[in-house]
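If you scroll down you'll find the structure; I have some questions about it.
Labels A, B, C and D are assigned to the chains in the order they are written; within every chain, residues are numbered from 1.
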């Protein structure tokens, strides 16, 4: 029974996130447009875009290799696999034992590498530029992420998402400064990983400061669709991760509990909506940074993570 | 045999004379005077050896005395004079260290020799031996000093030979020194002189000087 | 029967007889080098035969674990040197008198160094070392160039002084022993002196050791008594460097050790170990620094001899006698090989400047790689016996005096790095142009006269390090017992 | 009290998943290894005659049979090593036996040796296969040195006393020096070889005293005797410093890594593979053996701190340099520094956890370090061999002269992609599995109660994560610039790929890298004996086929499940796309944001419009290079109206060069100059020295007598 429930929740979760990903992107865009006083495209526009792209036959550069053809699948697979691990409405999904922050970081890195390689495959100036920047920014984002994982692992005794989520759901932790710092650090990492303002502008094309778009310039048709989908999945992943770690309320417990699932689903939708709103608000409030200011931004995140860990040491010592 | 007895006094006198001549060697500037002083030192050494032979009733030491007289008082000085004449050397000695300072240093060295030998040999009953040893060490050290203070090749050879005189002085002062040592010392002094002569000849031949200070320029690997 | 067979004297007088023959033989032609080789081969055979002789004292000579290995080594190196000399003597361009003097002096030297090792009587030992010195002075001066004369003069003056001081020390030793052993020869017998040493006057023993140390130490090339060594080894005929570095230094150091073995027994006397240690450290450190500034290849390896003598002195000073003996022997083998290699290179390139010799491994592979391996061996790298002895030395130092590891390590590192640098500059890279001295390696066989001895000595050194037969190891153990 | 009789069905203590093998077979293992040693020595002895002989008999067209024999023999030796290692890991340790030579020399194989033997065997097999494929290129001296290099490493690994350990270590160094100096006509290679050998001398000079100090109290060099009398107090501190300096220099630990980026690229590719893959691991083995095993478990907390700190520094510096280097093999060498740093972090953590009585975590850290050593050995061999194939096929090692090789060298590209992904620690490859374990160990560092250590632990976590991400960037840069894009030179456009054994030499490590990524559990179980030696009271989290569980909090890694997850997600993506999208692709000229198509005379486009090696490294050079590597950049713009090109100059300086080696060289030169003043004396002064010595000693004697 348990196993069946696990497989069922996992399948439902996969379907849910696949459906939600375009909506999250579209919703954020729409919210941002509203905040800026524009009407904005409907929230489902990314989904229509994806479907339209899928129907087109991709055009590959003459010297493109199999990397260009395989990387989109790899990127989307990595993003989807990572997202499959982050609980949405219920715990105890089939792959939950795998759900581990370090593994998620690894999967994200795999997706990133696939993207960077695809960007370099044709040998254009922009592709290489984007790949170099993407990999370099990740170099600073990853330590910050790991420090946040350290803080969480100190509290939960494990980097497993289940354990962390359970701990926060108890509420026994109370409010801690270190957790606040960790949250901020994780937010900064999330912004950088998803190419959001202030690190990158997801809405631009053909600008020397862009990162993500530079790598997919040569992609078209279903390949472009896969890259767009991967980006959407990644954004969903990060928001879901923030929700699963810091706001785990309402998530259904392990086991077969349709009612709990429904409550969890609603709670998750609400959480995601709030996070999208926050993201849109943030993006309309601040401007994009110059590319070489980004290290400072990520360095600050790293510092916050460090500070969080130190504070936690002190508090465990005093307690 | 202690202080006051004739045997001791004469031995003391001869030893002292040898040491005094070492000072003379250091003091002299002119080469022929140095050779003269060296010859006198050799003669005194022979006398000391003969006196010891008499005191110790060791006939072997007479041989030593004879050898010392023959080699150091006659043969080597003669050879050196011959060399001087053959080479037509100018007669003053190139010094590396001034006469005054070298005499001061010499006095200090004698002091050191006495300070080293007398307490060290305190266990030995023979006052004469202790005395002799102190004198011999002084002569040895002065010989070395002379080699350092003079730059002329012949003076350096004489310094070395005078150093050997000190050795002989030490050897004869010790009761029953095996003959092998004394014979070989004497023979080797001759060989030393011979080899020195060959090298000096080469030196003169190739470089037209006996000033070994000039040799420093000939070191195979000078400063870059 | 065997007890009366005067093998030690035979070993001494065979080369001397050879010297007489060589002095009389008409110079020029092919005979003198061949006779030289023949005499050396016979001496080597006798010297190896000595390994089978029982330990004991015969009159003025003795056979024991200290000198048996060293005499055998001397025979081997003498033979290798004679072979190498046969190939290179042509290019030295001696006139008749010099050729006679050179060969005769070489054999006189060989006999004298055998005698120095074999003598039980300290007076005889002193005489032998003096003869060896004088013979080598002649060999160094034989070329008569200004640099050679300078080297010979320095050698003569310094070693003359040293030998005189050693005699003074010998006399003092006798003085100390004389009240106990009586007059005459026994007072200078090493065996007799060892028996009575603990009852001798410690003050005189200390004084004697000071003189013996400074005297024989000068011959052993220990800093600060080393002034003669680099120039003498660099300016003589090529083969002489090998015997000077490989044999004379050993004989002198053994003389110091014999003195140490006597003085060390008396608890009241000056402790000889720390003194030796101090000289060793000074040699190691100064030589390892001096190696960095050498531009003349043979001088460089002469400095490396000073370094290795220092290491041996440290080993003996620490009481690691087996390591010290191994190091002495290993150094002789490897250093002779290196001197042969560099000598051959100097004749091929017409210069002994490091900058003029380069790329030997490319142009003359057998010689170049042999030289490279030899220099690596001098830097303490395996598979040569110097690695084994340095390993034992350093572990002994770690056990006895841990503070010693710092200067020791520093010296070894500096020296090793300097040798590596020179080795690469000599052996690797593009080859410098050959400018052979006339007559160099003109004999049939050519360069193999040099590379053959190089590889043979290197192979022996490997065997010494890693394939030591048990009885030979037992000999070294005896030596350690005797010297301890 | 009598021992209770062992139950008949009881397995040997170290039985593992391979099942306890017959203990009687164990001496056979040692015999086989000694025979292997002898065989390798024989190969070296015969190499020159073999290489010369056919020239004599058949002339120059003799072909590469000397190379074939030597490399074939080495392949066999590698197989024996790996087999013996596995046999011991699956069975019992072999008791020490003397080597049949003239000096006392003990050899033995225990689980730790066996683990590294397997590693060495696998790396050597790949390297020998590659050598076999390119046997024609080998010069005789390389054929001499190659088997000796293997023999040296083997000897160091099976040593059971300090002497053999140092002997093998140094033999390995000097044999590999010959290999590094292979191309000695070029000044760079000579410089590399010189520095390499000087560092080897340094290693020896540090290790011998360390062993001396370890053996000082027992007076016996054998490991068994040393274990009974572990060092204490200042001796222990000295041992730690000496071993970290000596073995660390060989492993390439910062700040003693100055030789590594020079020497590894200078050797032939299959030797570079062996040096990076296996030789640095032998150094790691020595570190582990001396510091964790022989020094005993009772060492204090600071015992692991030097390894931790230097490991973290190496990881970051190596990975960053890998992003700036422009030579492919130098880049890989820098990545080796990074991985060595990570392994040392693991060992350091194991020592610290052990001191804090955290046995489980100590076991985890040690196991992770061992596993990463094995994985790195394979994927780094793979990368070096792959790039060696590129250097042969495209005749260059410079990133700026390659490009687009994925078309001409598909097999090589595929294999290198696997290796690069493992080096970038991407799941599900082997690099990820071991780094996951390492990171779990680091994340638990706070459990050691000491606040200073906790802070250090946080810094180490940040450094390791930074290093991992930097390594990913470096690998993308490597693969992207070499295999992707367009050829940057005509030569690169005409590259050809090796076949046969060369291909096998790449596929073997690539396959093992994939396999080990899926099977870290069984591997960890295999390493259990080795971990027990390093951390006696540590309990290893038993890895099973499916899962490795870590600590009490329930973190775990399930590689097979990860593979399943990826398969499910991949299938889902595939299915979703296939349902709607048309099959096939159209080809057209690259869009490149609408840039012009290249002119006729540049069939592959203007190489300048592609990212260059320096350009790809620019973000990291600006972000981190300035502070860590003293990187600089200057742009020279032509004057207005001048048609000349603008120039960008960039470069960096390794801090070890600037802060350690250069000052030391200056100090050495100053001292040597001083010493020269003492040496370069005129005759009288030369005479003065012994005279002064005599007078001083006489005064000393007088003073002693008076006192």
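In the analysis below, a residue touches a chain if its C-beta (ideal position, glycine included) is under 8 Å from a C-beta of that chain, and two chains touch if they have at least 3 such contacts.
Computed from a predicted structure; not experimentally measured.
In terms of the distance between Cα centroids, chain C is separated most widely from A.
Among the chains present, the centre nearest to the common Cα mean is that of D.
Ranked by C-beta contact pairs, the top pair of chains is A-D. One simple way to say how far apart two chains are is to compare their mean CA positions; for chain B and chain D this gives 68 Å. Note on chain placement: the centre of chain C and the centre of chain D lie 43 Å apart, centres being C-alpha means. Put simply, the C-alpha centre of chain B and that of chain C have 30 angstrom between them.
A separation of 35 Å divides the Cα centre of chain A from that of chain D. In chain A, there is no position where the chain touches two or more neighbouring chains simultaneously. Multi-chain contact residues of chain D (touching two or more other chains): 676, 683, 687, 691, 694, 698, 701, 705. Shared interface positions of chain C, i.e. residues touching 2 or more other chains, are given as 153-154, 157, 161, 165, 203, 206-207.
Touching chain pairs in this entry, ordered by label, are A-D, B-C, B-D, C-D. Those residues of chain C lying in contact with chain D across their complex are 153-154, 157-158, 161-162, 165, 203, 206-207, 210-211, 213-214, 218, 224-225, 227-228, 270, 275, 286, 289-290, 292-293, 361-362, 365, 369, 376, 379-383, 387-388, 390-391, 394-399, 402, 405, 408-409, 412-414, 416-417, 420-421, 424, 428-430, 463, 465-469, 473. The touching residues of chain C, when paired with chain B in their complex, are 121, 123-124, 126-127, 130, 134, 137-138, 141, 144-147, 149-154, 156-157, 160-161, 164-165, 167-168, 170-172, 174-175, 178-179, 182-185, 187-188, 201, 203-204, 206-207, 231, 234-235, 294-296, 299. For chain D in complex with chain C, the residues that touch the partner chain are 101-103, 141, 162-163, 166-167, 170-171, 173-174, 177, 181, 184-185, 187, 190, 193-194, 197-198, 200-202, 204-206, 208-209, 211-213, 215-216, 219, 221, 235, 238, 668-669, 671-676, 678-679, 681, 683, 686-687, 689-694, 697-698, 700-701, 704-705. Residues 14, 18, 51, 54-55, 57-67, 69, 73, 76-78, 80-81, 84-85, 95, 97-98, 100, 102-103, 106-107, 109-110, 112-113, 116-117, 120-129, 131-133, 135-143, 145-147, 149-150, 153-154, 156-160, 162-163, 206, 217-218, 221-222, 225-226, 291-292, 295, 302, 305-306, 309-310, 313, 317 of chain A are the ones that touch chain D when the two sit in their complex.
By the touch rule above, chain D contacts chain B in their complex via residues 676, 680, 682-684, 687-688, 691, 694-695, 698-699, 701-702, 705-706.
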